[in-house]
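The following pair of complexes shares a single chain, chain A, combined with chain B in the former and chain C in the latter.
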Partner chain A sequence: MNAQRILILAQQVWLETLRRKDVYVLLILLTGFLAALMSVNAFGLGQMAAYMKETGLLLAWIFSWILAINTSTRQIPREESQGTVYLLLAKPVSRADVVLGKWLGTWSVTVVATVSFYAVLAVVALLRQSPFGLPTLVQALLLHSTLLAILTAIGIWFSTRLNYDAAATLTYVLTLAAWLVLPRVPTFVLNTTGFQQWGLMLCYYALPHFELFDMRRRLVYDAAPILLADLGLILLYGTVIIAFFLILAWLAWRRKRFVRGAAV
Partner chain B sequence: MDYAIDISNLVVEFPVPGGRMRALDGLNLRVCPGQVYGFLGPNGAGKTTTMHILLGFITATSGTARLLGEAVSGPIARQRIGYLPEHPDTYRFLTGRELLTLAGRLFLMPRAALRQRVDELLALVGLTQAADRRIGVYSRGMLQRIGLAQALVHDPDLVILDEPTSGFDPLGRIDVRTLIAGLKARGKTVFFSSHELSEVERVCDHIGILAKGKLVSEGTVDALVKADESLEQYFLRMVS
Partner chain C sequence: MNRPLFIGFAAALALGLASFSIACRLVECAPAATEETDSFFAKMLGDSRAAFSALFFESADRTFHKGVGRYEPKKFLDGFGRLAQRVTPEAHEHLAGATLRDIMPWLSIAIKTDPHNVTAYLVASFWLSTSLNRPDLALQALETGRRANPKDYRLYLEKGRIFLKLFDFPHAITMIDSALTLWHQRPKMDAEEAYIDWAELMTYRGILHEIDHHPEPAIACYQAVVDRFPTREGLKNRISEMTSQGSATSKPMDMLKPLLLSHQHVCDREEDAHDKAGSGDQHRDHTLIPERP
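Moving on to the complex of A and B:
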């Protein structure tokens, strides 16, 4: 592995994403939604600010989720379908460099876009005279960024063996299930027995717990930041998951045969 | 002596419905440094598969392949190699200059030297005027030219070209021929596949003819082709 080549590949992802203009579209959409929300004052000033923050954060989550999955799952399949993988791998670049470069590029692009979403939201909240608490905001951003790193790692993993459409769909299904269903699994477990119970428990412990990275409610209701020890543990948990999926991606891609034009 | 290319008993099989298909069947091939080697064969003979093995895109079922004394499995061997694929599809969101800069950076070339080299190469392949245009608007011939330039950016010792003249008009073919002659004059090894037998006859020291995954003939053009036949006739005799 070579850090310099990984950074060069990550820069390529940046250049491509900026030229595709996806990020600008999402940012404009978010700003538009917030502007529309600001113009409405249906619930009185205090409630409106909380409602606006909640909706804005949900939109920031959804947009960053879309960006993370769409950007990460298209990187490797497109290299393969357009044939650029042959130019790339003919250079002294290892497959691990490509996997890490693609992941780093998509993650960093998504994080910068997410920071921009939060910045727009923070400005709007300030204009509504209901600013976010800075320490909580920083923690929320840090955890959200870690979550995006996990999403992009999963997206890259699926895309090493599947085409873009299949990889994106599978990543959406898995990650949304992990985010929305997993926190409710303990309730289901209580109502099941035998294999069903074991299966649910296995899912519960095997899938990443995205709810740990979600600090939106604390931000909306101006709650205090979480303890630093807890933050550290969640970040460690996230790092382990990211490493796990990136290793899976490398294992899936390192021996993949590229046979376009070969006598198959 | 380290051969530029050294392939021993190479077998490549691909899974196909109902069994396995042998694309290369015990291939043995050696290319000396400084040679211009024309790799010929009908479609499906295994030329591209051989090149893909050399570049690590495919792993062999059995046998060994070495480039400039290095095993082909790792990225070290590719440090001194330039490659032009058969279809030089490339990053269409980049300009020609950006693509060459990217290629040079992946070889960790110093920035100042790279800038100069990129300008030289753009002039060499006749793309100076189009250097700052997106590759997405390039014609087929221009794509082939920028593909050639990216293969040469780090001044490689061994250049592997898969059908380098496809997509070129007659003038472009003359340019490719001149370019290969220039590489040969500088002691570089060129290994290329082509269906243009007249081009091969003009530029190659050695030829190898591949049929059904086996090397059926190898040597200099003069030694192989009889006085009363053309390379085309010889080729047809060998592959039939």
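Moving on to the complex of A and C:
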């Protein structure tokens, strides 16, 4: 693996994503939604800061989720369908470099977009005289960035063997299921037995636990930051998950044969 | 400007003016919007709006408890569960004072999603009239609820309570009499809770009769309550005092105030041992709905 080549590949991802204008559209959408939220006047009481912060953070999470998956699942299938993968691999670039470079590029673009979403939200919260606590905000961004790294790694992994549509769909379904179902599994298994219980427990330990990276409620309700030991443990867990999916992506792609004219 | 371009602009302008004129004419013919026909959510969601309304009500509840969800029993609590608990807020705290405004958007959306969610109106009006000190807005919210649910006695009961707190006795009488009439057409609800509401209505009505110097109807109201709930010793004593002496020892207002104050949130009652703090788990088992002791 060569760090310089990985960075060059990441730079290519940046150029392509900025040219597609996905980030600008999402940022404009977020700003539009926030403007609408600022005009909410429930029961004639005026604007409510916590409601705006909570909804704004939810929107920021949804948009960054969409951006991460769409960007990551598009990279490798597009190279294959356009035939540029032959040019790419003709250069002194290993397949591991390509996987890492694509991942780093999509992750960094998504993180920068997410930071800009948070910045817009922080400005609006400040205007409402209910700013986010800085230590909690930094921790929340750190964990959110780690989550995005996991999402992009999963997207890259699926895209090594599937076309763009299938990879994106599977990534959406998997991440949504992990997000919504896993935290409730300890409650669901109370009323299940046999295969159902085994299946739930298998999913519980096989899928990544995204709820560990969600500090939105601490941000909204001005709770204190989490302990550094807990933060370190979650970041370590995230790093292991990222490495796992990137290794799977490399293993899936390293001996793949390409067919000219394959559909995206 | 060349000829085809000029013709194109002229045609576009003419069509724009024509469509604007037709739209103005159509707006005049449009049927008057009603609560039902105008509801976007009613059209989009259909019967599932009750479920969505409940979801938004739950969001209001969680906001009230500063991000802590309701207690859910778990079969196990492993490392992931313990770590997740340390990430999400877990302290048993509530919004208070002016910050209670933050639950209102969720209650407002719950109401707009399902105008027949009477609980949402009642909860909104409770917090508006108490901690937020806006009885005017509470009455407006209840009036909106009453228009959508004209036969639900609970909305009239809540309006009656607010008028009593404001010492607006004529309006209180109107609301309580309406509530009593509609109580017999009450929606499907817990029978015990319905009778407790009825007892509260009859007690208020009795107090209002006393304030108007009509002891006999007041005694009749109190007696009806005692017949249904024989353990109401306070009312029994009052009836015997009014029967033997012509009036009770304490003034009717002295009986009214504690009755109105008894309607409060469970966490505001110091003697209520609802808090399972110290269990190391998310322990909240109550909601933001006010309750009686």
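Everything that follows uses one rule, which is that the second predicted complex is superposed on the first by the 254 of 264 C-alpha atoms of A that agree within 3 Å, B and C clash if a C-alpha of one lies under 4 Å from a C-alpha of the other, contacts with A are read in each partner's own complex, and residues count from 1 in each chain.
One rule holds for everything that comes next: a residue touches a chain if its C-beta (ideal position, glycine included) is under 8 Å from a C-beta of that chain, and two chains touch if they have at least 3 such contacts.
As the structure is a computational prediction, the values presented were derived from the model and not from experiment.
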{"item": "Fit or clash between chain C and chain B when superposed on chain A", "value": "fit"}
{"item": "Which superposed partner A:Glu16 touches (first chain B, second chain C, both, neither)", "value": "first"}
{"item": "Chain B versus chain C as contact partner of A:Arg5, first or second or both or neither", "value": "first"}
{"item": "C-alpha centroid angle, chain C to chain B via chain A, nearest 10°", "value": "150"}
{"item": "Touched partner set for A:Gln82, first chain B, second chain C, both or neither", "value": "first"}
{"item": "First (chain B), second (chain C), both or neither touched by A:Arg217", "value": "second"}
{"item": "Partner chain in contact with A:Met48 - chain B first, chain C second, else both or neither", "value": "second"}
{"item": "First (chain B), second (chain C), both or neither touched by A:Arg254", "value": "neither"}
{"item": "Which of chain B and chain C A:Ser94 touches, first, second, both or neither", "value": "first"}
{"item": "Least C-alpha distance (whole Å) that remains between chain C and chain B when both complexes are overlaid", "value": "28"}
{"item": "On chain A, positions contacted by chain B and by chain C", "value": "none"}
{"item": "Contacting residues of chain A [partner chain C, same complex]", "value": "40, 42-46, 48-51, 54, 183-184, 186-187, 189-190, 204, 209, 211-215, 217-218, 220-221, 223, 226-227, 230, 233-234"}
{"item": "List of chain A residues in touch with chain B within their complex", "value": "2, 4-5, 8, 12, 15-16, 19-20, 82-84, 86-94, 97, 255, 257-264"}
{"item": "Interfacial residue positions of chain B with respect to chain A in the complex", "value": "14, 16, 21, 23, 44-46, 48-49, 52, 55-59, 74-76, 78-79, 81-83, 85-94, 98, 102-103, 105-108, 147, 150-151, 162, 213"}
{"item": "Residue ranges of chain C in contact with chain A within the complex", "value": "63, 66-67, 72-78, 80-81, 83-84, 86-89, 91, 99, 101-102, 104-108, 124, 128, 132, 134, 137, 140-141"}
